[in-house]
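Consider the two complexes below, in which chain A is the common component and chain B and chain C are the respective partners.
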Partner chain A sequence: MATQHSRAAARLMMAPAVILLLGWMLVPLILTLYFSFKRYLPLRGDSLGKGLDWVGFQNYARFVTSSSFWPSIQVTLIIVGGVLVVTVLLGTLLAVLLDQPMWGTGIVRILVISPFFVMPTVSGLVWKNMFMDSTNGLFAHLWRAFGAAPVDWVSQQSLFSIILIVSWEWLPFATLILLTAIQSLDSEQLEAAEMDGAPALKRFWFIVIPHLSRAITIVILIQTIFLLSIFAEIYVTTAGAFGTKTLTYLIFQRVLESQNVGLGSAGGVYAIILANIVAIFLMRIVGKNLDA
Partner chain B sequence: MARSVTTRRKIVYTVLAWGVGLLIFFPILWTILTSFKTEADAIAAPPKFLFFHWTLENYAVVQERSDYMRHLWNSIVIAGGSTLLGTVVAVPAAWSMAFVPSRRTKDILMWMLSTKMLPAVGVLYPIYLMFIQLGLLDTRTGLVIVMMLINLPIIIWMLFTYFREIPGEILEAARMDGATLRAEILYVLTPMALPGIASTILLNVILAWNEAFWTLNLTAANAGPLTAFIASYSSPEGLFFAKLSAASVMAFAPILVLGWFSQKQLVRGLTFGAVK
Partner chain C sequence: MGRITLDKVTKKFGEVEVIPPLDLTIEDGEFVVFVGPSGCGKSTLLRLIAGLEDVSSGHIQIDGRDATEVPPAKRGLAMVFQSYALYPHMSVRKNIAFPLRMAGLSKDEQDKRVSGAAEVLNLTAYLDRRPGQLSGGQRQRVAIGRAIVREPAAFLFDEPLSNLDAALRVGMRLEISELHKRLETTMIYVTHDQVEAMTMADKIVVLRAGNIEQVGSPLELYQSPRNTFVAGFIGSPRMNLIEGAEAAKHDATTIGIRPEHIAISPTEGTWQGKVGVSEHLGSDTFFHVTGTGLADAITVRAGGEVSLRYGDTIYLTPEEGKLHRFDAKGLRI
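Let's look at the complex of A and B:
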């Protein structure tokens, strides 16, 4: 049906987007790979113009053996895992709740999704100061009201604080996607199960959850990709202190703060590999959907 | 009998859902309330919820002291400019993939998606270096370009899923009636695709407005949008809760309202059409 002419036109229309994305992907990627095999300390006078020393895999080895590497992996996994558990569990419950008959569904939905639209720097600072501050924060007031000693959340419970802030930002996303998925569930199936006398919990476990499994997988994959690179929430709250240095934050510090570009680039390559492992699974699901 | 049970159930669900909804919304509400307090009221113990001296002073102070207008303008230019530029590039690409698909269309789409998965921090220094070399550091132009590129895959994907829903028969009918390619795009496709294009633009303005990795790392005083402006409150002096709140409200209010209108598109845009 498509003529030779329209095919040529189609290719031409696609060209700008393809060229832009190809450049955006390849140029920085190749440079990162290149730097990762070089000794590159701009503050000590190294520059591209003078030529950089080839150091082989030294940066890769040093990045992994540095004392902050494994803690950063651990912190990353705890934050990503913690946020995923909180958002998927609460998101599923919330989606089921919002699917029930009630008055003012529209307004409740607006209340629930709002945190997603608050910029990360605002969420971080509002939670850090107005809720978690040990003298004037709302939590401190609440703790004192119950006769407990206020906690300085950001320094004493740093990982918990970050997980709380980031979960608050991402719960709306999980809820909204799971709600969309629940609403596509055939209600006749549920009614039939109810007629057959299946109790609510069983109906939820054997009908709703299997129906949601694909959506839950998608939520987990997409959130993982975004959560692996959370930055602003840590930048404005702990700035990487109190054991909250994620892999992303560690690389950022190596590259921009201590300006060890070679070492940071090696770290960057590790981060890219990590993200790609997750991405492969996500792409498979999205790709399958494309065929349908 | 049956009806009274459902009504009782409905009341329970309503109360429960509103309770949870208000709890989740509370930090935003609290920020809005605090922005109208004096600094003394903002840290009063026990906290004052509604009965305090309402004032607009914080908004005036934030405006004056920190050049809010400049950052607001930066946000508008960066979010709006990058989205419009991205849409101009994406519409033809998505159109051709949806209506003249080839064997490689799927691979191209998947590859575009994969560029979105590249962690920003992995390419931070190359971009930073290029920005210095090209004189783009701390300029709006630089940010518009980067923001356009990071959102381009999402824009193309969203447009593609919208375009694909337009039935091909309509196009064939137009062609049979002798419509040229130009007429086909202008008078048949565009009106049908407009709602999809509008939703795409809306979601991407929101994403670009809130982006906080590149905006924090590639800007300083000059081109910093609201994300960077708010981050400057992370090392405060003296009492600042009310001023922080006012600044925060001014940063999220416009986008929050836009966001409320984009619920449906959010799902489609962020799951790349996998959940509709």
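Let's look at the complex of A and C:
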């Protein structure tokens, strides 16, 4: 009886949060779906008050047949993939280093985590102006010091620059998760492997990496979901120029620069589908890992 | 071949000396048990032999070869850890084959040795399982299997049975003893449980604070403990240690008598006391006798069925010639 009562009470008490979250998610989702089937060009006088014309799947067809669509998908995948590779590799390396006993561990760890606290807009601007600027940036000075011609990173190496900025922001997250995973490794396992004749590199490969595999999948899963929607870093550096237009950025341009709400909403629905495909795919990998 | 010699070995962690200079020889094929209370340095000593810790000074010889600076993998020793330290992401087969794979043996040779070890340890049916799917005793056997396949000069066991339940511990104790009889390889076994030490060892090394208190066969330690520490540590229940006037009667500072060497009687005897708590084990009954004026409580063993109750008067008579006498320094006289 007691458990039934408390279960009912728990449901009642959770209800406001669940309803709020559902509303938060469902209202924009339904509105996006609604707009995606409508012709809605605010600058041409369309408005909700006057009623919108039903256009069927026309917006969907126009969005994918646009010449910007496939390049944007490609750019999205390159950025997400690039950032994942950089953060997981460097994150593992940093985690191993931070796990070593050293002087000032506490301060070093806080320093490593700090990029995570910088807002994306700010870090994008700092990188663009302080490091990557072709006349005053630190990189430009460094290049000149070696007698090389400074690179205008944002325009000449645009994709690389964005991957660099976003990786810098997400490296702390990966490092932190991987560090806690490394710390949970039973030291007797490493000693057993040492006795079994495995030198340091083989111990890392056969014992540490398998131990980290679950943490790595979780890092990949969480980062992918957030990286698919990066926006500020692109907005403040290239503003979508120089081949850095991701799907998110394309949707933004369709809605706010072209003022075509219907077309942008159709793009939004594609983005939802893409994110879900990735999520399902990754959930299965994580599920498999959790079984082991 | 596995003769291990420690020559003035010391170990310091920072300023703390865990092992003061220590000499010890372990003969080939011996089953040696390091026993002592927790924190006595027995595990550190084992890890020094394994090479997982570096000695601060002194030398370790294995088979007459100086192994002090040799890395653990090259010492030809295999270790079974307290937590088993199995690799959770590998099947039992891969766990056992891991040292062979690291040694670069051919696939056929690996399979042959793994199935050989699996047969010896009754693991054949579990070869494709993961460690997580095995019971405690099976995991223990996998850990032993991983040690066997390397055909080491000596096995090192670090409290291997402390994570098992009591019944399983007795079983594994027998299995390890049998394994030793069959392989005739040197085994060094660390435990804090003197019952394990007594039942398994050819030679027991009793340690306290990094010092060797006594080395000898289980019976030697039982019959003639070198000092009060060994006397109190070896044997279950503990030996009764009596100081004061009664000891002085025997020209000693401390006298010791084991619970099994005291005769009891409800009517007459050397010492008089009252029955305190009694522990009935079926085959034996242990009485804690209080009010004797000798020590807080004297433990005595009686047969299985004794009709003495709490508070009854009891007379105790120590068996002639079974009394241990110790001097002011606690050393045996």
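Throughout what follows, the second predicted complex is superposed on the first by the 275 of 292 C-alpha atoms of A that agree within 3 Å, B and C clash if a C-alpha of one lies under 4 Å from a C-alpha of the other, contacts with A are read in each partner's own complex, and residues count from 1 in each chain.
Everything that follows uses one rule, which is that contacts are C-beta pairs under 8 Å (C-beta built on N, C-alpha and C of every residue); 3 or more make two chains touch, one makes a residue touch a chain.
All of these numbers come straight from a predicted model, not from anything done at the bench.
Student: Contacts for A:I177 in the overlay, against chain B (first) and chain C (second): which applies, first, second, both or neither?
Tutor: The answer is first: A:I177 touches chain B but not chain C.
Student: With both complexes superposed on chain A, which partner does A:A200 reach: first (chain B), second (chain C), both or neither?
Tutor: neither
Student: Just to be sure I read the superposition right, which of the two partners does A:Q100 touch: chain B = first, chain C = second, or both, or neither?
Tutor: In the superposition, A:Q100 contacts chain B only.
Student: Tell me which partner A:A241 touches in the superposition: chain B (first), chain C (second), both or neither.
Tutor: neither
Student: State whether A:N276 touches chain B only (first), chain C only (second), both chains, or neither.
Tutor: It touches chain B, and chain C stays clear.
Student: Which partner, chain B or chain C, is in contact with more residues of chain A?
Tutor: Looking at chain A, the partner in contact with more of its residues is B.
Student: Once chain A of both complexes is superposed, is A:E188 in touch with chain B (first), chain C (second), both, or neither?
Tutor: second
Student: With the two complexes superposed on chain A, say which partner A:L77 touches: chain B (first), chain C (second), both, or neither.
Tutor: neither
Student: Go through chain A and flag every residue that touches chain B in one model and chain C in the other.
Tutor: Common interface on chain A, chain B vs chain C: nothing in common.
Student: Across the complex, what residues on chain A touch chain C?
Tutor: By the definition above, chain A touches chain C via 186, 188-189, 191-199, 202, 206-207, 210-211, 213, 292.
Student: Quick check: in the complex, which residue numbers of chain C touch chain A?
Tutor: For this pair, the touching residues of chain C are 50, 52, 71-73, 77-79, 81-83, 85-90, 98-99, 102-103, 130, 132, 146, 150.
Student: Could you pull out which chain B residues touch chain A in their complex?
Tutor: Where chain B meets chain A, its residues are 6, 9-10, 13-14, 16-18, 20-22, 24-25, 27-28, 30-31, 34, 42-43, 45-47, 89-90, 92-93, 95-97, 99-100, 102, 106, 108-110, 112-115, 117-130, 149, 152-153, 156, 181, 206, 209-210, 212-213, 216-217, 226-228, 230-231, 233-234, 236, 240-241, 244-245, 248, 251-252, 255-256, 258-260, 263, 266-267, 270-276.
Student: Show me the residue ranges of chain A that touch chain B in the complex, using the header's touch definition.
Tutor: 2, 6-7, 9-11, 13-14, 16-18, 20-21, 24-25, 27-29, 31-32, 35, 48, 94, 97-98, 100-105, 107-127, 129-131, 135-136, 138, 141, 144-145, 168, 171-173, 176-177, 180-181, 184, 215, 218, 222, 225, 228-229, 231-232, 235-237, 239, 248, 251-252, 255-256, 261, 264-265, 268-269, 271-272, 274-276, 278-279, 282-283, 285-287, 289-291
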